[in-house]
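After this come two complexes, each holding chain A, first together with chain B and then together with chain C.
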Partner chain A sequence: MSVTTLPHDPTRKQAHRKRRLSRPIDMAFSALGIGLAALVLWRIFNWAVLNAVWISPDGTSKVCRGISGACWAVIDVRWRLILFGLFPFEEQWRSSLACLVIVIVAILSCLPRFWRAPRLAGLWIAGFVAFYVLMAGGIFGLTSVAPEKWGGLTLTVFIYAAGMLIGMPTAIGLALLRRSTMPVIAKITGLFIDGIRSLPLITILFTAALIMPFVLPPWLLGDKIWRVVIGFSLFFAAYEAENIRSGIQALPAGQEEAAKALGLTYWQRTTRIVLPQAFRNALPPTINQFVISFKETSLIVIIGFFDVMASGKAAFGTGDWSFAWVEVYVFVALIYFVFVFSLSRYGAYLERRLRVGQH
Partner chain B sequence: MKLMRMIALAGSMAMAGTAAHAQFGSTLKAVKARGFLSCTGHNGSYPGMAEVDNKGNWKGFDIDMCRAVATAIFGTAKGHLKIQPTSWEQRWPALQSGALDMVIKATGWTMSRDTELGVQFSRPYMLAAISYATHADNGAKTVKDLNGGTLCVQSGTTLERYAADDQKARGYKLEVVPFDSTEAAKAAFLSGRCDAYVDWDLQLAVMRTTEVKDPKSIVILPDVLAAEPIAIAMRQGDDQWVDIANWVESILLEAEQAGITSANVDEMRAHPPTPAIATMLGVTPGVGKRLGLKDDWAYQVIKQLGNYSEIWNRNVGQDSPYELKRGVNALVKNGGILYPLIMD
Partner chain C sequence: MLSMFTSRKARAFALQAIFLAVVIAVIGGAFVEGRRNLAAQGITFGFGFLNHTTGFDVGFKLISYDSYSTYSRLIFLGILDSLFVGAFGIVAANLVGLVIAIMRTAGNSTFNALGTVYVEIFRNIPLILQVVFWYALLTRLPPPRHALSGFDSFLTSRGVYIPGLNVTGGHAAAACAIVIAGLTGLTVLSMSRRLSRLPFARLLRWGVGLATLSGAVLTLHLGRISGTPLVSLPKLQGFNIQEGIRISPEFLSLLIGMAVYGGAYISEIIRAGFLATGKGQVEAAQSLGLTPWQVFHRVRLPLAIRAVLPTLINQYVWLFKATTLGIAVGYTDFFAVISVSINQAGHTLELIGILMLGFLVINNAMALVLNRVNKAIALRGNQLRS
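And then the complex of A and B:
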């Protein structure tokens, strides 16, 4: 692969100029385009910054009467509702700490020095225990908080992290099973994957949250939040398994044959030869799947979870603030952007580090 | 969303067939053993009925009804009520599976729910009065003043039919401007495209408060085109549970009728003006036993939540941003249609 262009190519700059600014009509169109963009940006800047109201001294929407800009006061007054949902107000430090724990654990596990199975496992188990103790309480003198009060960004991050953490090993398992040499196992796994992929996520979540109580005995039921996490991770796993399988199948057959000739066992071949290379091959679609899944967490609102989207809606869903829905949505969009953009930048870093696409 | 509603409906219909009907008294027993009432919230908000304040606490008319039932059972709602955030689609399966004890969620009493879904309803605790909103500068005071004007409405809805029926019955004529969504019809009305817009009066009040610069520029006409009953939904078969729902509603109305408020209930209890009030507030023993509750249940509800008009004013009425008038939801003695049952 050598299609990369040189960054400092003087002829390229000239070519640019030639294409965009050679004739008067091109210049006019360029000027028009830039002018329009500037106008739009200026108007947005006017709305979002110059004419905006940032804080509300009395906690009501009075300061925003008759202004032409954005009313960021809604965020000033209601940000804790958006971030923590229905979590008890005095205890919200626990929710913010819990959210931080998951984010830090996620960041740490992105660092190459943690890329050992025992380290990763230890890190995540500790992370989830800390999260659960902080959120649910009931020990160490923390008052207990039932899961239906968990909400906001913390809930979104938790469902996502737990879903990915259960989903990724499941996906690897499914991918390997589907490539099994025993036709029965391969066929059944294929049927399972295709079955889940042919259902919308929303139906799976709905079934997990609402239909399961009719089917399962009470002792097997667990809390709704766990059923939903499992449904979410199965959905992720079905797609990710196919990404990984594509990574495996892209490997030349000679590799595994050579490993066999060296006398390596199945597990040695899989964990040392096949999977590391398969991951590298499957990295771009895997990052894609991670990004899509983060945004799909917003679907849990349909089964009555107070995720960051639902608590955003609740933030403007009151007589005092209902005019400020654009501001709230912009704020929630920013939160999603920060998470998704970091994910994709990390993906790009991984691709560089593992030199994906360069053999 | 249509799809989800159908799945939910199909699911709960299938379950209603197989799930055993609730036994008499079983719900109260289960709620007491569990230590809390499981009631509906919203997955977001429903202005006036279920909202969330700055501190993440629920408030609203429906929420107060949940609190009233929990207070009647436990003596206080604090620590004994779980408001479960619930989507519209989720209501019925969650009720059938026992995840909810009651659905108090701006829910209309319809025949299909009553018969096919395995749900039974309390008496309506509110009527969704279908009314017109108009621009204040029209000067219209009644629907007849709208004669010859235009009406923005989503075509094919029951609202359109109510308006047509009312025009025939009262003898006035509106030119219908049809739209394919509620939002479009509302936006057209607010921009001045039409003289009138039709909806549940609470929705009109919310629109007036939240979507126009000057709330006084929109008037809700007092004439009611139709009224849809909003009631508490419960699992079929547990009549005692329905009794509790009905009597909690009833004492809120009885208290309003007798002038008992959260402020004066202690005095009323010390010196009950009538034997009926003495019974209701538990001064004469026996009112609790009939429902499987404590004798002071009605006293606690009124003491902590107030009577019907206090709940109304706080959440949707004059002390709320929506300033909705009682209209048909007033007591019969004030020209409405709500009334308490007979306390004997």
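And then the complex of A and C:
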């Protein structure tokens, strides 16, 4: 994965530089690339900053008539819709607080001090309960808000956090079941995992949202949002189970044999010997899976949820602002970018750190 | 000792029996409940509805279809459309990925930086957002009367018009199939170790190439629509553009999205392959006096492809699954036709079953074929040098 050139090899670097400067065609290419990049950057800068309109004093699109730059005023006017969707206006502080809670929990769980299974689990469950109470209300004097009203960025964060929270234990369970020595259990689990993996996520979400009401008895149905979360977490779990399984398989057989020889039971072997090491092996693909899953939450828009993409579409959809679609899409893309990019950078850091630990 | 053994065996047996019983009970219960719910809506379980007429029309059609056609034809159409955009998307993503990978490994730091920026931007934004963005862009192009034009092509809000040939659809499809088969054959011929060592391998390759070319040209000639010029150029007539080939915005936005997003991923995979190629291999090739182009296409590229083909296969399967995003822009892909059929005909269980079975078959077939290719071209034994 990360077979890169050695960064601290001065001779290699010098050789690079020498070769680059010594070949005129390379220099021409460099000049061309820099020139092209500068041109594009300058035009983007012109559009996005120099000629842009940032605020709309009267809340209408009048300020953007006849300008050549970006009309960021649409964000100024509609940012609440994009971030919170249809959440009741006077309760939107709850939505933003809930979002903040999850982001803080996510940041905290990146700190090495929380890297103990009980601490991590406790942190996430506490954070999630806080999120749910803030969003749903109904107790502590908070007015209750039905899940249909949830929307925007908060909904995206909710689906993601809930999906990962349910998906991770499910993934561990599936991986262990697939590695079971009992053939029936291993085969059926394998069939289940491979089946889910060969289907597109959207068909699974579609099934969860629209087909499950047909095949589940009414008492088991629950709200649509929970069915979708479960579908999402199953999809995540099927992929993550394979990552964990390959992490387990990469362990030397001696590890488990030694544990057996010491007389440890299956659960002791699994939780103390196998899984901790397997997680370390499976970390790079796991981070990758977390990153991909965040992007894939955007698919819920197809089954009728009002996530940050749908609310973005609604923000420019009405006639008044319909010309400002680029600005809104850029804004939504930036939101995703910030989340996904920081997640993948953290994953890269973690990989480096663990590799250092191994030597 | 024996009693412990049997008891462990008995416990394993009991556990498996319970597991199996629960699985069967869940599936059976769901099926019974599903049938009951369908019956409550006045729908009986069965596949007879596939022969009923649909009564609605769809946008993107590769085969003839109208509102009098049956559901089975609609589903067939959806599968074809999915395969169509999937094939183009995967090829385009490969090209983009290859170009970016070369940019990033060519040893020119400016190009490396540009490639990195590209990958980091487009890999970190969800594909659906990109597809919807391209769709919004394409449908906001000027109307046909004020179209952007050049090279006998038109960019309009109703699609992109490019010159085409005046041949019937069936013959064009057959010619495409011949070309694809010929290219596949050529690839296998030149990459398989056994076949490329035959004494007349070079002759064979030329033969296959010529046969493919003449076969395609002949098919196209047979399919010519009489009384029309060979090349059909798009031109403005009244309020719309006639003739030529129209590429609909739905198709094009999905294609661009797949190419741009998939290309970012594929470039990373191919780059890893280039970096994994041993330095000694390249140096040996250089010391033999091969030109840079020969070093690239005879040594670096084949080795890189062999190193990363298994990862690439996963990426192709993933990209094919991404064609289901067509529903977000109104492209009639497999998932979209199933979704609309469920709305119209109500046979939910049967249709979702067809959808899942279809994807299982297509994806597994694709993985099977590509894994065979991988096995055929993989390096073995003393070919594995660094």
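Here, the second predicted complex is superposed on the first by the 340 of 359 C-alpha atoms of A that agree within 3 Å, B and C clash if a C-alpha of one lies under 4 Å from a C-alpha of the other, contacts with A are read in each partner's own complex, and residues count from 1 in each chain.
The rule is simple: contacts are C-beta pairs under 8 Å (C-beta built on N, C-alpha and C of every residue); 3 or more make two chains touch, one makes a residue touch a chain.
Bear in mind the structure is a predicted one, so any value in this text is a computation, not a measurement.
Aligning the two structures on chain A places chain B and chain C in a clash. In the superposition on chain A, no contact is made by A:128 with either chain B or chain C. Applying the stated contact rule after C-alpha superposition, one finds that A:346 touches neither chain B nor chain C.
When the two complexes are overlaid on their common chain A, residue A:202 makes contact with chain B and with chain C alike.
Touch criterion not met for A:47: it reaches neither chain B nor chain C. In the superposition on chain A, A:85 makes contact with chain B only, not with chain C. Touch criterion met: A:30 reaches chain C, while chain B stays clear of it. By the document's definition of touching, of the two partners only chain B reaches A:310; chain C does not. By the touch criterion defined above, A:114 reaches neither chain B nor chain C.
Look at A:302: by the touch rule set out above, it reaches both chain B and chain C. The clashing stretch of chain C relative to chain B, chosen from 153-161, 225-233 or 261-269, is 153-161 in the chain A superposition. Taken together, the two structures place residues 202-203, 206, 210-211, 213-214, 301-302, 313 of chain A in contact with chain B in one case and with chain C in the other. Chain A makes touch with chain B in their complex at residues 59, 66, 77-78, 80-81, 84-89, 92, 146, 148, 151, 202-203, 206, 209-211, 213-214, 224, 301-306, 310-311, 313-315, 317-320, 322-323. Chain C contributes residues 12, 15-16, 19-20, 23, 29-31, 33-34, 37-38, 107-111, 114, 120-121, 124-129, 132-133, 136, 140, 272, 275-276, 317, 321-322, 324-325, 327-328, 335, 339, 342, 348-349, 352, 355-356, 359-360, 363-364 to its touches with chain A in the complex. For chain B in complex with chain A, the touching residues are 4, 7-8, 11, 15, 18-19, 41-48, 51-58, 82-87, 89-90, 93-94, 96-99, 206, 209-211, 213, 320-322.
Here chain A touches chain C in the complex through residues 1, 3-5, 16, 19-20, 26, 29-30, 33-34, 37, 181-185, 188, 195, 198-203, 206-207, 210-211, 213-217, 295-296, 298-299, 301-302, 309, 313, 325, 329, 332-333, 336-337, 340-341, 344, going by the rule given at the top.
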